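Both complexes below contain chain A, partnered by chain B and then by chain C.
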Partner chain A sequence: MKALSKKRRHPLAAVALLLFGLLITGSLYTAAGNIQEAKAAETSTASQSDIEEGGKLFVANCATCHGKNAEGTNDGPSLIGVGAAAVDFQVGTGRMPMQMQGPQAQVKPVQFDDEQISQLAAYVASLGAGPAIPDEQYLDTSEGDAAHGGTVFRVNCAMCHNAAAAGGALTRGKFAPTLTGVEEKHIYEAMATGPQNMPVFNDSNITPTEKRDVITFLKTIEANGSAGGAALGSLGPVAEGLFIWTAGLGIVIAFTIWLTSRPS
Partner chain B sequence: MAANTTEYTAATKTGRIADFVDSRVGGSAMVKEFGRKIFPDHWSFMFGEVALYTFVLLLLSGTFLTFFFDPSMAHVTYNGSYVPLKGVGMSTAMASTLDISFDVRGGLFMRQVHHWSALLFVASVSVHMLRVFFTGAFRRPRELNWIVGGVLLILGLAAGFTGYSLPDDLLSGNGLRIIDGVMKALPIAGTYLSMFFFGGEFPGEHVIPRLYSLHIMIVPAMILLMVAIHLFMVVVHKHTQYPGPGRTNNNVVGFPVGPVYAAKAGGFFFIVFGIIALISGLFQINPVWNYGPYDPSPVSAGTQPDWYIGFVDGALRLMPGVLGNFSFEWVIPFPWGDNTLILNVLLPALVPAGALFAVMFAWPWIERWVTKDNREHHLLDRPRNAPFRTAVGVAGVVFYSVMWAAASSDLIATHFHVSLNDVTYWLRTLFFLGPVVAFFLTRRICLSLQRKDREIVLHGREAGIIEMSPEGGFSEKHEQVDVYRRYVLTNFNDRQYIPAEPDAAGHISRKEKRRAKISKFFFEDRVAPVTPSELEAAHAAHGHHEVEGDKKSESLES
Partner chain C sequence: MGDHSHGSPEDSGTVAKADDVAQDRFPDPGLPPHRPRLADRDPRAAKRHERQVALLFTISIIGTLFFFVAYFVLGQLGDMSFAELRVQNAALGLGTAFAMLGIGIGIVHWAKTLMPDHELVEERHEIRPEADRKDAQEIIDTVLDESGIKRRPLIRNTLIGAIALAPIPAIFMFRDLDRTGNTASEMIDSLRHTMWDTGVRLTRDPSGTPIKAADVQIGSAFHVIPEGLNEAEQPLNEKAKAVVLLMRMDPKEMNVSPGREDWNVDGIVAYSKICTHVGCPIALYEQHTHHLLCPCHQSTFDLANECKVVFGPAGHALPQLPIEVDAEGYLVAKSDFHEPVGPSYWERG
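Let's look at the complex of A and B:
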């Protein structure tokens, strides 16, 4: 004990302590990451035949940009480790296969049926562990807390998607789309995988239960409709100002012309 | 009074009560005087009325809201009936706004009436001022009333902004944060001012009650005072009128207040009320429940102020932080330490709005100085007949509108599928070029319209009847305009370039030279009104072109 207290004033003690601290943090982080990956890998219940079918679909429809083994090319990123959730989101919302190159992939009619999408997802998931398609329990909005979800949404999502989830602009033609009418599953997957320009909100950032709360919030405000009349696109004061200058003043001017229509 | 007049006694009970009151307050004399005031009729004269009526609506609906609104910033947990915010911590101000919206009967409707009226109030004040500007109604003797109107506009903005912040929701809190930033950007006094205003660090717990006092007492009282002065001056000066036959600088042609205008104006109040009620019943405004309670960390996409503050927000959005290597954030080394001059906030927040209001307030004097026209004007200009003024006005409108558009740059980007950066670059260019192009374009359009008017007076309207002469040539008949129309087309102020004139001592001052330069710039190109001799000459030449239906003008002319 005496030896230890003597050495604590050693010039290298601080460095040793720092290294020790870093080592512990790093190991814990890796362990946590491994656990999550393990969990993700566990939940994929795809059969070998699904993976094979998915592989065929992949080569026929995706390999042009993403490479024959999903290793990525100049036209598209590598898909190794993006997980089944990413495929389910991108293909399931019609963003992939991409119609054309642009600032970001646009939504278009979905090109594959559910079975084909799950086969594609299974194939990509088999290439490397990544976020899996979420469990039903995390999509059940009857279990979620809309008020807490709203708080999480305002802090994490509203700066791009707008407080009423009406969408908003990003730089250079990119944008955050409206979240009205998006399926619960796809909202969850977007948070987990961060499609296009969206950041990833992993499970330690926003926990699966909180993700469910966010989905509950979005579905609640969607179902509530807009109190007080037509929402004018939920775009805030710009839409309101435009409305009063066009419709409001327009009606007023029509009446003033009527009132003074008898020339003096 | 003659001795044989007996004391008047009314026949009915109502009559007796009316007589009792009248003999004590002398109401009939006022009615006699005021009821016979004449007001001219034109749709563009009614925007001031719209402003007045929306202000009355604001007072009525605002009073209702004060019954239920609690402007405290004390923290509470919301437990009302709006589920997506249940259990969320917020200020009492926000909670009571939600209660007004969801738990007070008719509360949401009254909130919407209040907010929509506010938007229409400032819009109608603005349109009214534009009308006054473009028709030259601000000229002597009405310069001071123009100033009062400008003050009313600023007070309207102040009322709007203080009210907008009261619910303490996320959107208005972001707006208040920008105000805090602008305040702190002021050199030396900024930080102290901000600390004083917010009672400590932003947001503090004092700002909402303070804004509330301003919003429900000080600002409306000042607006009321200014409205009283404004209306008093309108009565003193009498209303202006558009040029027309029988209308001179010394009369007013129109209807008397009693009974025509009292009925029209009274009815119009209810029409405006009805329009606002209809809009408020059908269209949502400022859904604070969507924005959630204020918290300094989140900022929502699509965060804008109400439309009338938009141009300042737009100027802030247009301002670059750095230009290449040149930074607008200047660090000034003082002996006691470095102080920062934040020009990238200070310039856009204060300069464009300041310049706009300065020119607006000074314009009556600028115009008087340049034109040397100090006469009283009760006849209005048609905008085309004052090309220089119309051009300056349109340049101002374009300048304002560019900043206004910049406040919605993000929505322009998403809705027209263009890049947000490109929108900003374009608007920056337009900020400088737009007003200049608008000035020259507008002046050219005005001059062309004046030439067209001349053409119509001298040669008549194209009748659309093609005649073939015996030789086989074709010509179109021209219809002479009737004398009423001709009066409108020919009767306007002919402003000309006035070269620099020496003063009493024979000197031409530098100021006078400058005036002459501006006068030349404004009035070098001009279209003169048709003179009677020109008209006669033209008619002599074109006499055979006259067509049927022109007998009215003939008889009127004789």
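Let's look at the complex of A and C:
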């Protein structure tokens, strides 16, 4: 400690401290980014499943809020006619079963395995016609047109999900989530079913081919990353302003202190 | 030290008093003693600083060279991937930063450690408010007197006339920036009308394909432009006024005011997308709360109540576009908007 306290008046001490602080902030940020990027396990598409098994799972896990016959209660909407895609999205991303009542269901670790999800989806699909789990051909991003997908995205999606698909705030605690790291299938299902407060973009509004283009666009910008260096969350002026006000002004202040200090 | 509890302007009690100076003044602390720097005392330190300054300038040279290496060697725009572009951008930035910082830091370091450091005292001039004011008054009086502006009203009046007229050409020049040839009332009138008219089909943005009423399910939102907008003379100008958001909600949840009963088609409603606050496009639609949120200033409109403002700075409800279904099942406008879209303006009333 004595050696440290001797050195703290060294002219380079301030610079060293600044570099140390920047290093810590940088590594924390990188670590946080990596955690976010960690993806959920691959899920296979639902095949022909046992509706009865799905029904049992439903009664055990979902009926409290959605009613014994999925007719809906005060705590949850009716699931008749929502289709297999809605179940695959809500359960497959961990939003359902809901952890607690709140402005909107949050993503959390998936509670069921792929077989159980497809059984649940088959059960709910059997209650009434609704959007089905998309075909593989509409999820193949190697076939899609990223430029056209970008146009469709900017007209229909960017106002809530942000032009860089980073997500954004809505009213009273609700928010549009980031689309980075979301599976192709789940993006498609979200458009087709309109989960939570998201509007529905059915196949006559955005055709399945256009949905594939949108997914291609999202995966392209995700793979390309930011061409101009650190994107700072792609949140626009808030994140960028915060950065320049702290880091930029900090450097300016450090220089003015150095300029007016007496040399040793 | 004095008594802290009884401070007065003459005797604050907290400042040590100089014995024979007037008591309402602080004693002059004088200059701190001159302290020779390391380089003044030790020639080896001076030599070291010299080398440091030279090193900083050399870093600047290396930075500039690094910039050129990055610019020409790392690749040319057009045949680079995004990852390569990022690396090149970072290299260009670092090169420039070192080129500039090397010079700047080097010069300051040079001035601080090696250049002469004798202290200089520049006395502030004496403050004489009354005398200075009198001087200024005298100058003005002299100007008024010698120019004769009071004695020669002809000169004064023609000068006032000249100054008043001189800016008027600018008004005409600014006026003629507008080449449309429209009169002021025509321009104001153009704010009242959009491309929507009786029988104009609602089409998807940006493809321009018409929308069937059967395509619109409950909870969906369509971004709509009038048919023929892409072929219009000024598509963006027209779009700025005519964009519409088409949504469908359960007719049971809608409160429809008298006179608007036939403006929707079985729960399908069309509202202007231009915020009535400052004109941002509103399209953040929450299908369960039926709220439309403006991303700029968080104005919130309630679709269930004909887009009345429920939160935020917007002044009035979003204008509704009356719609119906044509013989082929496509959605068409019944008429133009019944009120001007977008923010208020003086003539809007």
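Keep this in mind: the second predicted complex is superposed on the first by the 213 of 264 C-alpha atoms of A that agree within 3 Å, B and C clash if a C-alpha of one lies under 4 Å from a C-alpha of the other, contacts with A are read in each partner's own complex, and residues count from 1 in each chain.
In this section, a residue touches a chain if its C-beta (ideal position, glycine included) is under 8 Å from a C-beta of that chain, and two chains touch if they have at least 3 such contacts.
Quick caveat: nothing in here was measured; it's all calculated off a predicted structure.
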Clash or fit (per the criteria above) of chain B with chain C on chain A: clash
First, second, both or neither for A:N224, with chain B first and chain C second: both
Of chain B and chain C, the chain that contacts the larger number of chain A residues: B
First, second, both or neither for A:L259, with chain B first and chain C second: both
First, second, both or neither for A:S234, with chain B first and chain C second: first
First (chain B), second (chain C), both or neither touched by A:S204: second
Partner chain(s) touched by A:Q196 [first = chain B, second = chain C, both, neither]: second
Contacts of A:G173 with chain B and chain C, given as first, second, both or neither: first
First (chain B), second (chain C), both or neither touched by A:R9: neither
Stretch of chain C, among 96-104, 150-158, 222-230 or 330-338, that runs into chain B once the two complexes are superposed: 96-104
Chain A positions touched by chain B in one structure and by chain C in the second: 151, 155, 159-160, 168, 170-172, 176, 224, 226-229, 259, 262-264
Chain B to chain A touching residues, read off their complex: 40-47, 50, 83-88, 101-102, 108-109, 111-112, 115-116, 119-120, 123-124, 127, 170-171, 253-255, 264, 267-268, 271-272, 275, 279-287, 289-292, 295, 297-308, 310, 407-411, 413-414, 417-421
Complex interface listing, chain A residues touching chain C: 151, 155-156, 159-160, 168, 170-172, 174, 176, 194, 196-202, 204-205, 224-229, 258-259, 262-264
Chain C residues within the chain A interface of the complex: 35, 37-39, 82-83, 85-86, 89-90, 93, 108, 112-113, 117, 204-206, 211-212, 215-223, 247, 281, 283-289, 291, 293, 295, 298, 300, 311
Interfacial residue positions of chain A with respect to chain B in the complex: 103, 146-151, 154-155, 158-164, 166-173, 175-176, 217, 220-221, 224, 226-232, 234-238, 240-245, 247-249, 251-253, 255-257, 259-260, 262-264
